[in-house]
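Structures follow.
Both complexes shown next keep chain A, but they swap its partner, so chain B is in the first and chain C is in the second.
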Partner chain A sequence: MTEPNDKSRRGFLGAAAVGAAGLGVAAIAPGLHLIEVSQASAPGKGASSKVRWGMLIDTTKCASDCNACVKACNSENGISEVLKDPRQASQWIRKIDLKDAKSGITHSLPMMCQHCEHPPCVDVCPTHASMKRADGIVLVDRHTCIGCRYCMLACPYKARSFVHMTLTEQNPEVPRGQGCVESCTFCVHRVDKGQIPACVEACANAEHNAMLFGDLNDPNSAIAQRIAEVKTTQVRADLKLNVGVRYQGI
Partner chain B sequence: MMIQQQTKTDDGAFYFALAVGGLISAIGIAAALYMEIMGHQVSGMNNQIFWGLPHVFGIFLIVAASGVLNVASIGSVFGKKAYKPRGPLSGLLAIVLLAAGLAIIMLDLGRADRVIIAATHVNLTSVFGWNMILYPVFFGLVGLYIWTLMDRSKNQYSKTVGTAAFIWRLVMTTGTGSIFGFIIARQAYQSAILAPMFIILSFAWGLAIFLVVQEIMYARSKMELHPQLRARMKNLLGVFIGAALYFVAVYHLTNVYYAKQFEFTHFILVSGGVFPLLFWGGFVLLGSVVPLFLLYAPGFSANKGSVTAASYLTVAGGLCLLFVFIIGGQAYPMDMFPGMQVTSSFFDGKIDSYMPSLPEILLSVGGFAIAFTMTLVGVRVLRFMPQDDVAKLQSAGYLHD
Partner chain C sequence: MVRLLALMAFLIMGAVASFATHAAGVPKPMVKIEGSGQCIAAAEEMRLNHMNMLGHQRDRSLRQGIRGEKASLIGCVDCHASKSTGSVLGKDGFCESCHAFSAVKVDCWQCHQPKANFKATGTAGAVGAAGAVGAKP
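Now for the complex of A and B:
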């Protein structure tokens, strides 16, 4: 599905995606944009291992009172069910507020599946339902997940949710199901069409521009260049999972 | 006294027990079906504590299944004659407890209807995936083992098959401990000691269940277990309870030693409300200290009731320990940002609480009822009653006048 594309195709898709979203793309350097448009996949082709999709989150730009990424995620992925016990609700992305116990310095950041290179959820899944695509996106196969929740025990980021009730009003592109485990897909259905994840788009629409999505393997991509320039952090770096989501400012 | 003959038990009592066991099992299965249809919203589990009471009961039975086979192993693998007549019952209980434990775990799956996928899409990097091999082979080996024990013409193979089953059960419980031991994400788990700890726990829990079943069978058949045989087994139970206590203590001491684990251990052992209560009151006091007292204190130790009470308490203590281990391990928040105070809409940084709902309780109890019912039928249709040739044991020096 995701293959390196020629420049014209990339340019067209970039313009289309940005235009459709009505985004004002901020150029931070010649040829380098704050929001990098994904490489679209050629229909019928599998994900390419040449690509490693990733995200960089600048916590200095993430506003504590902003929830745009969460709302966009819920809307995009059809997460609308209401449960009596909020602890049973699915949260593919959530806002976390941090306060340094000593200095009192605060941070706000979105947390979701970190799309690890070595995902513990994939290791422990008894049925291969938890899987990692060649392009680094970690997914759950809705057809083979038996709902054992072992992956939830194994995930160091509390990124997975178990669906506690029958669902209605689903997005046809994002199948979800009662009794299965689910998590952020990096909006794989959008990425495969050359779009960026809904949360990243919403963050830009809210004019925070705290989220950058792109190909970590492409040295010319905005995300790769930014990671080469600034100090970024992997949450629970001690586990050496080589996550796809990096944070700046914490 | 030569071999005691099992008297035919009362038909009425058998069918009554069968009806009660069957009914509770059916209610448990119905509760699971209710959860399957309604979704786990009707359970007390959530996205923070997603393994609940069914996992506590299910894992207890699976661990005990491995341990209860010890009785047969001591007889045919290690050659202790006093244990040989107990081999078939030990094997039956191993099969029954594993089947019941698996029934609970599988019925609690989010998609129990897809359980066959677990066998058709095995992931061998998953400890759960290993179980797809470990459990069926255990069933097969123990079934074969029972055959070699009960069919005189196959007795010659019992040591070989018994040794294979003994090794396999050690591997199987290593796997059960490793379900948690390989979890790098959480403070409660990721410890190499969990595999041997679960093996030792299986020894104690399995023997405790065996002693309870044996006493019930003897009482129903109006037979009397030779006091010296009871004394041998109760001493072994005491050793296992002590060893289990030791391993659990080392597990916690290790965590206290690691600075990064200290706060979690403080929570589990001191400040965590129901968890320290169940650990100290349930596992340590009622599940270990009191049984040890009943098994060794003069005036108590020779008493049949004391041994049975100690066995029941060991089982209850084991359930308390697993509740603390499984639920407490999830209730404590993961330390994603060391040194930071964490808050979120997903309850990050918050200690969670768990209250099992009625369907979960019914499923859990139903699992025990499945084990009870299967045992009842098993001992009814085949000769699983341990019958001792006291004269032979005396001449072999196992019993004294």
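Now for the complex of A and C:
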């Protein structure tokens, strides 16, 4: 099994990404080859390391009474089960309301797996079930996950859930089951078909347009251009995980 | 001693009886193939190797993102789900009947959907999750 994880590659990408994070398009000059930057993975070819999928969430457009992304995620990924203890419910994406104690200013935003470039969940996994694809999407390989839940503890974003009950309502393209840990997949089954994640689509359909999905490595993508223009934030940037999900307005 | 003899006789009779059943043949599973069209390989090859085909494909598909390969569990279900139950499971189901006969446990369906063209509602969860979210962190 290929793990896009070796140290030298990481070092290189880390350095390139730090530049890209700070300076946007300008940083793509020395190390990265512009021509090779491609949009979606060609069928049969698999995920490409030239792509880095990412998301930008504009908290100024996100409405606190809206739950469209969460609902869309649940129906796309077949999260239909109701647990007796709601604290055990799988949350691939959740809505969070923030309030600054001093100014009283409020923000609403969706929170999900941040698809870290250096994911702690992958570092701690004893079975290599937690893994990062070449294009930056972090997944759990349920075939090898033993449900130890180390990754849940390691994740600084509380992004992972453990499936507590026997499931029968899985969607064919999104297998999930009892005893394994799971989290947002960026709707990898849709992305590989050239579609955008269900939450992003639902947010646009609800006319909020607070979510933008695309290739952070492609200077022509809408997301890369916006990141080059406006100030965006990585949540807990101090951890230096270089996350793939960025927020605007917080 | 008498008891022991009786027990031995009982065991031997049991063995003979079970041998007799085997000699008569355990009924073979009725594998009904309802889908039309061609499988991705000959039946012999599929019987011997489907687990390897799917096992290697799943790693490439999940870990490397290689999609659209010949072997695919969704493909199996689409063709082989029973027209009456809609599933590859159940007593006469394509997967379960054969696996029960050969006494090989099949774990695929703890996570994978055994019904063709299944669409999860997701709505019950949405209510539940929204409730959980309502309790602000």
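Everything below uses one rule, namely that the second predicted complex is superposed on the first by the 210 of 250 C-alpha atoms of A that agree within 3 Å, B and C clash if a C-alpha of one lies under 4 Å from a C-alpha of the other, contacts with A are read in each partner's own complex, and residues count from 1 in each chain.
One rule holds for everything that comes next: a residue touches a chain if its C-beta (ideal position, glycine included) is under 8 Å from a C-beta of that chain, and two chains touch if they have at least 3 such contacts.
Remember, predicted model here, so these are calculated numbers, not experimental data.
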| item | value |
| --- | --- |
| Chain B versus chain C as contact partner of A:136, first or second or both or neither | neither |
| Which of chain B and chain C A:150 touches, first, second, both or neither | first |
| Partner chain(s) touched by A:194 [first = chain B, second = chain C, both, neither] | neither |
| Touching partner for A:120 - first (chain B), second (chain C), both, neither | first |
| Partner chain(s) touched by A:169 [first = chain B, second = chain C, both, neither] | second |
| Chain B versus chain C as contact partner of A:94, first or second or both or neither | both |
| Partner chain(s) touched by A:80 [first = chain B, second = chain C, both, neither] | second |
| First (chain B), second (chain C), both or neither touched by A:181 | first |
| Contacts of A:45 with chain B and chain C, given as first, second, both or neither | second |
| Set intersection of chain A contacts, chain C complex versus chain B complex | 70, 83, 86-87, 89-91, 94-97, 166, 177-180 |
| Contacting residues of chain A [partner chain C, same complex] | 1-3, 41, 43-47, 67, 70-71, 74-83, 86-87, 89-91, 94-97, 131, 133-135, 137, 139, 141-143, 166-167, 169-173, 175-180, 188, 192-193 |
| Residues of chain B touching chain A in the complex | 36, 38-41, 45-48, 50-51, 109-112, 114-115, 117-118, 121-123, 125-129, 131-132, 179, 182-186, 189, 330, 334, 336-337, 339-348, 352 |
| Parts of chain C lying in touch with chain A, wherever the complex brings them together | 58-60, 62-69, 74, 77, 110-113, 117-133, 135-137 |
| Touching residues on chain A, where the partner in the complex is chain B | 70, 83-91, 94-102, 107, 111, 120, 122-129, 144-150, 152-158, 160-166, 177-181, 235-236, 239, 250 |
